[in-house]
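Going in written order, the chains are labelled A, B, C, D, E and F, and every chain counts its residues from 1.
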Amino acid sequence: MLLGIPKELASGENRVAIIPSDAKKLVRAGAAVQIEAGLGLGSGFSDQEYVDAGATVVADRNAVLSSADVVLRISKPSIEEIKQLKAGCIHVSYLDPFNEHELIKAFRDQQVTAISMEMIPRSTRSQKMDALSSQASLAGYVMVLLATTKLPRILPMMMTPAGTLKPATVFIIGAGVAGLQAIATAKRLGAKVVAFDTRDVVAEQVRSLGGKFLEIDLGETGQTKDGYAVELTEEQRQLQLEGQKKQIAESDIVITTAQVFGRKPPVLVTKDMVAGMKPGSVIVDMAAETGGNVEGSVAGETVEVDGVTIIGNGNWANYVSRDASQMYSSNLFNLVDEGWDKEKQAMVIDFENDILQGCVITHSGEIVNDTIKNLIK
Amino acid sequence: MGTELLVNLSYVAAAVLFIFGLKMLGSPATARKGNLVSAVGMFIAVVVTLLDQSIIDYKWIAVGIAVGGIIGAVVARSVAMTSMPEMVALFNGFGGIASLLVGWAALYGMDASTFQMITIVLSILIGGITFTGSLIAYGKLSERMPGRPLVFAGQRFFNIALIIAIIACSVLFAMNPDVSLYLYLVIGLSCLLGVMLVIPIGGADMPVVISLLNSYSGLAACAAGFAINNIILIVAGSLVGASGIILTQIMCKAMNRSLSNVLFSGFSAVAGGGGAAKIEGEAKAMSADDAYYVLEAASSVVIVPGYGMAVAQAQHVVKELQEILEKNGAEVVYAIHPVAGRMPGHMNVLLAEADVSYDLLLEMDAVNPRMETFDVAIVIGANDVVNPAAREMEGSPIYGMPVINVDMARNVFVMKRSMASGFAGIDNPLFFKENTRMLFGDAKEMLSNIIKAFS
Amino acid sequence: MEIVFLAFILMLSIFLGFELINKVPATLHTPLMSGSNAISGITLVGALTSAGAEHTQLATILGTAAVAFATINVIGGYMVTDRMLAMFKKKEDA
Amino acid sequence: MGTELLVNLSYVAAAVLFIFGLKMLGSPATARKGNLVSAVGMFIAVVVTLLDQSIIDYKWIAVGIAVGGIIGAVVARSVAMTSMPEMVALFNGFGGIASLLVGWAALYGMDASTFQMITIVLSILIGGITFTGSLIAYGKLSERMPGRPLVFAGQRFFNIALIIAIIACSVLFAMNPDVSLYLYLVIGLSCLLGVMLVIPIGGADMPVVISLLNSYSGLAACAAGFAINNIILIVAGSLVGASGIILTQIMCKAMNRSLSNVLFSGFSAVAGGGGAAKIEGEAKAMSADDAYYVLEAASSVVIVPGYGMAVAQAQHVVKELQEILEKNGAEVVYAIHPVAGRMPGHMNVLLAEADVSYDLLLEMDAVNPRMETFDVAIVIGANDVVNPAAREMEGSPIYGMPVINVDMARNVFVMKRSMASGFAGIDNPLFFKENTRMLFGDAKEMLSNIIKAFS
Amino acid sequence: MEIVFLAFILMLSIFLGFELINKVPATLHTPLMSGSNAISGITLVGALTSAGAEHTQLATILGTAAVAFATINVIGGYMVTDRMLAMFKKKEDA
Amino acid sequence: MLLGIPKELASGENRVAIIPSDAKKLVRAGAAVQIEAGLGLGSGFSDQEYVDAGATVVADRNAVLSSADVVLRISKPSIEEIKQLKAGCIHVSYLDPFNEHELIKAFRDQQVTAISMEMIPRSTRSQKMDALSSQASLAGYVMVLLATTKLPRILPMMMTPAGTLKPATVFIIGAGVAGLQAIATAKRLGAKVVAFDTRDVVAEQVRSLGGKFLEIDLGETGQTKDGYAVELTEEQRQLQLEGQKKQIAESDIVITTAQVFGRKPPVLVTKDMVAGMKPGSVIVDMAAETGGNVEGSVAGETVEVDGVTIIGNGNWANYVSRDASQMYSSNLFNLVDEGWDKEKQAMVIDFENDILQGCVITHSGEIVNDTIKNLIK
């Protein structure tokens, strides 16, 4: 079975889907691995390292795509690339299936088995394949550090001969995987950390990292069986905005990570809240690229609004591309391993397996994932 | 009367020395001196006794002391360090037989009152049990006898019958002191009882047994003291008797066993039948104090933290316990499950905060293969990540997920507040395992209590 | 009246025995056991009287045997304990 | 004989209850029950005594019990919670006079042997001292008497003379029991001695004195027991006597004083002359155990960390101590000097690592004005930043620099390894202050030892 | 011989007294003092004998006074102690 | 007495010599404070805040300079500016007196009392005026954070479902004030920290922050009474280079802060050491602007050499300008306060005072500092 790994095309993307050490593990499991030349350069892996791991290096991208039985990558492909794939092949990547309907249709029509990394279920057992988590966790770390270098203050308290510097306050909205890591990182640096999330199980988790949880009574809120937040009603959102206002004004750094799975992120920091912050303060909008939690954030950019720096750079994990690659690659390896049939030395889609059942979107010319099927039809 | 008073006041002094000696023996810094102090007490007691006017002939005394002294000294010097425990057992047995003989001999010196008869019988009885029990313990420890529990069908009934017989003979003898048969029966049967009591106990439990028998030999001396009306025997004997019981208790706790479990587990093995059927028993709770005894005696410990450690913010106390255990001579490592906590690297953040060295953090795969070698696995607020259902129960939602196999360690301490399940919401058979103890309570408080127990 | 005295003495000794031993580190379990075992060799004192009192021949024989056994217990016990404890000492110094 | 045996065996039971009671009184969880247990013991002892055949007439007994019981109950119920200590003093005095009276009365019941005469004199003597000493303590505590030490020139000689006189009279009386004069002299002089011993002691030290007198009243009862040949008095009296001594010791330590300092400081104030000349004394070392007693009794503590805390990496243990003190009911804050450590914010980095709340970190200027209100200031490896030379010694290179004025706290504990100077290389007069104690050793170890001492 | 018994009893009681009191938290110092003070009222037992034995009138008077004082000590002591300890109890619950 | 505070002219400089709260303290002590308009904008202090503090705002920079009895600023002045000063006035700023001989001469000739912030002695008592320390301390923090955002890895160890990320190693050369703070910051973020310094008292200080001290036997090294390092012999420097080589190759981040007071910083990381580092590694050269410890570092810039990022930006404290201003301002206030005569309500130079004695360079037309006098003559 031939696994093909093409280069990532998105500009500035330094991550790589499979790193040499995982390529080696795949080869050892009996797979043939073919990579596009120059695959790992962005993260500092040379072609030679892949060759040493037992992979073959091919210069022709089209050859990689059209010959592979399994394609492993990070970003979603273009529709043209899908057309080059072998019928019956397995394609694993982020797909954004809630929005990219044309892409899904193209996979269906091409008879390709498309696996969406976003749709890996969130069970305890599937965590090792969960790239959303692994990348979000790094994002949490990166966002804090980016904010810190923009803030004209230091985070920790210091009592020095030249006076006492008060600790900076960091407010984190949305304490999922990324938010929690952000809390931990800011806390490590000595900041006072306050966080808010609509799911109330999170309060304890925030405290478990030494953060303070901002209590806002929103009435009934919920979470799905996968641990994702349920969208708030408009009324609840207003309550939340009201409750956060003071905290935002008092904070030096605000980091928003609030997402609702499959929907546009809610706006949680409004223009006047931004204006109410101290000059020099910093906001990081994790979701700027998909709409954002912050009014005034610009996707992919760092802008200054009313003396406040708003960071909307996006692709956060890419800042620590080497570690991000290692984790993503490990997620992919575990996924392939989960479907690996030792006898046949091939990856097999077993719909009895709850993990594969969740993340396979198209198979044999059908859209097999119920949620997506309903969306597209 | 003058000498007698002197003798007796010297006995008071000897008793004081014994008390100091025992006290000092309990602490590492003073133990050796304590032994010396108690030896001086013994020396005084023996020397002044020789002044006693009722002693007419020193010949036999000299013979006895010479023989005993030489044997004792030679054996004590030559025995290998590794065979100390069995040597102690042997010495203890000799103490027992001596009490038996003293009690017996007391029959001939005087007209014993009923009270004295009772004490004489007691000293013979306890002395006999101590004697043969110790010999068996010696045999098991020195591997002159098979170490495994020796059991046979009907053993329990046999022992009950034996005890009844002993009581009967004792009563008969106390009422008819002249009938030597009863005396011999009492002697014989109590020796037999000593054997019977110890053979069903496994070799590994022998130290506890010896400690108990040591306590008995104290009681035997005490009984002999009553028999011959000698206060120093009463005082020293009961001191040893009582402190021996406490020591036995401490040793049991250090093995995470109860005394009755030690003494009678052999029987129940027979009673329960041959097969080692898997029993889903009750979860066994444990106090911090008892946990201390086990940890104090442990030489390798693995700590498995989970989300509960984070909730309790117990990381600093964990580090503190680690240091105390290390100072106590134990090896301590942490086993970190990849999904422990509620975010990737959750445990790392906390343990780094507490300045736990990175070198001590082991991945699951590094620690599982050597899990059997750990004396204690301390699970601190973890649940799903140590759930053996992932290994054992095919239907379980986490079946197939690798977990940290703490249940394979010798002892497992689980610190959590209740029997509640973890994130995955599934029951945990670990809590019901034979070698698991539940330390219910907030992890931080529980750990602080254990730390406190380390004096 | 004597019995009352004896009862008091017994009671007090037992309590004292209980109180004396508190937390003992595991390394001291064996030495402590052995050391208190040596104390229980106090039977020797009783044995001396039996052996030297010349009541009957049997008593003398029994007494002499008792002296011998008890002496082993005493001498051996103290010496063994001391050897064990000397070892700890060295370990600590090192 | 039957009743006597019964009575005496009941005494054994009563003694057992006293022992349990005392033991339980020492721990908060069981103290109240312990008091009850010991009361039951007392009840048994009293009731069985009434069965004693030597008691012929119950009339006076009834009168005495009725009067005493009513007074005792009424007073005990009505006294305000705040005047408990003086009440205890008063009761204690009554116990003392009772022993005196019992000893005295014993003169008339029998032909006393010399030994008994000695014990009678002892019970009168100790009883008398206890009686008047307790009354004075009562007076001082209830402010019926001036609380300050009452001293006069020649007091010491007077006391010595008094003691010699008492000994002389006692000897004379023991040899001539018929000469009542000697008896009255002994009674009078011992009462006088009680007064003389307590008046030079300040009101603040009274609790320690009461505890000591309590121990004495136990000894008086013990002596009375010998005098009238009653074992329960001997046992209970000596139990109280011994445990009282230990308690006195503990209370002294909690005040960071030695017993002799408490008892004789009044004298030395006179001996040393009026002026409070500044004495550059010796540095006084202290053990972790003794520090524990003081900290256990403290209700506000300020911790002053310095570079030594960083070197010892003691931040986690410091936090631990903070939590223990807080749990014990004390307020704990940290005073951070701006130049503490070796880089700006050095202490902050470490304390944040140990997760000490920012709210507890006070700047020097916030803490100095209220320094007097702290029971204990713990200086952990700081030196220059707490050097009072900056305030007091004009020539000093750091003269004029603001420092944390720990020397103004009630007690100062300085943890460092030696008397070595700090970064600035200058000596520190703090170490020689009256209220300073040096806890020599690595800061982390020292702190761990103190933590250990918190049971 | 009695003196020997008494010596043993005294010695053992004193040791036991020393061993019984270990670390006592500061809040318990006063109650403990007061509680053991009540125990030292055991003199009452001696006083009873003196008061009831009708040796001489003086002895009876002394005895009766002793009974009264000792009873104050005992009754007052136990009650005061209990009141103090009851207060702690409440504090802990709160 | 009129204190004048002109704006800082250096490009990108956001710090300010006196912040409003210290201006207020000075006014309360009896001084008149005059600031150049727009003084505090870079750090977020408006002119209004200064007015509220009791200062007067003057638009004309020349007026500020020529009327002041005391001039307080951060950077050294130009020679032209010195010429505008009143004779007898006191001028406080960094001066770099070891190198700026012309400047010193200008001060002398203008009869100005020039105080050099670099020359504040390093006694325990003078620490509150020691701006080198206060700014270096912030620099230590900033350097670590800048390095972190350039490193394609995260600093802490993380054991995650997607594999274990090893902790990054940070190597700090020179553990003075800046180095120690860098150690603390890197340690907080969870890195493995190793440090080296030639002064051996430092080893204990490094350990006191949880760092490892690299032992290299250099033979006799020393420190001055002010705690500055003595320059190494060439032989010793070679030993040091040799000893650091392996550590540098193993490190993900290297931060150099090694300085020798009054001299050019030694070169401690050579070209081949840079080349020997893993691709993606980061070096921060604190002293890049004054010559640098690293071969290949460029003053004021971040460059990539052999796949290694070398950060030589300089003016580190300026990144956290608000806190830096607060500290510098506090240092200046304490200095003025030290010389303040309450009677005369004026700053008086008392040569008995060991602190002033050390830092005053010129006074009444003379160079009064011995070291500098010897250098210039």
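A few comments on the model shown:
The criterion applied here is as follows: a residue touches a chain if its C-beta (ideal position, glycine included) is under 8 Å from a C-beta of that chain, and two chains touch if they have at least 3 such contacts.
Keep in mind that this is a model prediction, so the values were computed, not measured.
Listed here as common contacts of chain B and chain E: C, D. Here chain A and chain F face each other with the same set of residues for the most part; over half of the interface numbers are shared between them. Here C-D and A-D were compared by C-beta pairs in contact; the pair with more is A-D.
Note: centroid distance chain C to chain F, computed from Cα atoms, is 75 Å. A separation of 40 Å divides the Cα centre of chain A from that of chain F. Per-chain CA centroids place chain C at a distance of 35 Å from chain E. Looking at chain C, one finds that residues 1, 3, 5-6, 8-9, 12-13, 15-16, 20 touch two or more other chains. Residues of chain B in contact with at least two other chains: 19, 231, 235, 313, 338-339, 344-345, 349, 352-353, 355, 455. Multi-chain contact residues, meaning those touching two or more other chains, occur in chain A at positions 127-128, 133-134, 137, 156, 158, 160-163, 165, 188, 190, 210. Every pair of chains in contact is given here: A-B, A-D, A-F, B-C, B-D, B-E, B-F, C-D, C-E, D-E, D-F. Interface residues of chain C facing chain E in the complex, by the touch rule stated above, are 1-2, 5-6, 8-9, 12-13, 15-16, 19-20.
Residues 1, 3-5, 7-8, 11-12, 15 of chain E are the ones touching chain B in the complex.
Within the complex, the chain F residues that touch chain A are 14, 43-44, 127-128, 130-131, 133-134, 137-138, 141-142, 145-146, 148-149, 151-154, 156, 158, 160-163, 165, 185, 188-190, 278-280, 307, 319-323, 326-328, 330-331, 334.
The touching residues of chain B, counted against chain F in their complex, run 336, 338-339, 344-345, 347-349, 352, 355, 358, 361, 363. On the chain D side of its complex with chain B, the touching residues are 313, 316-317, 319-320, 353-355, 451-452, 454-455.
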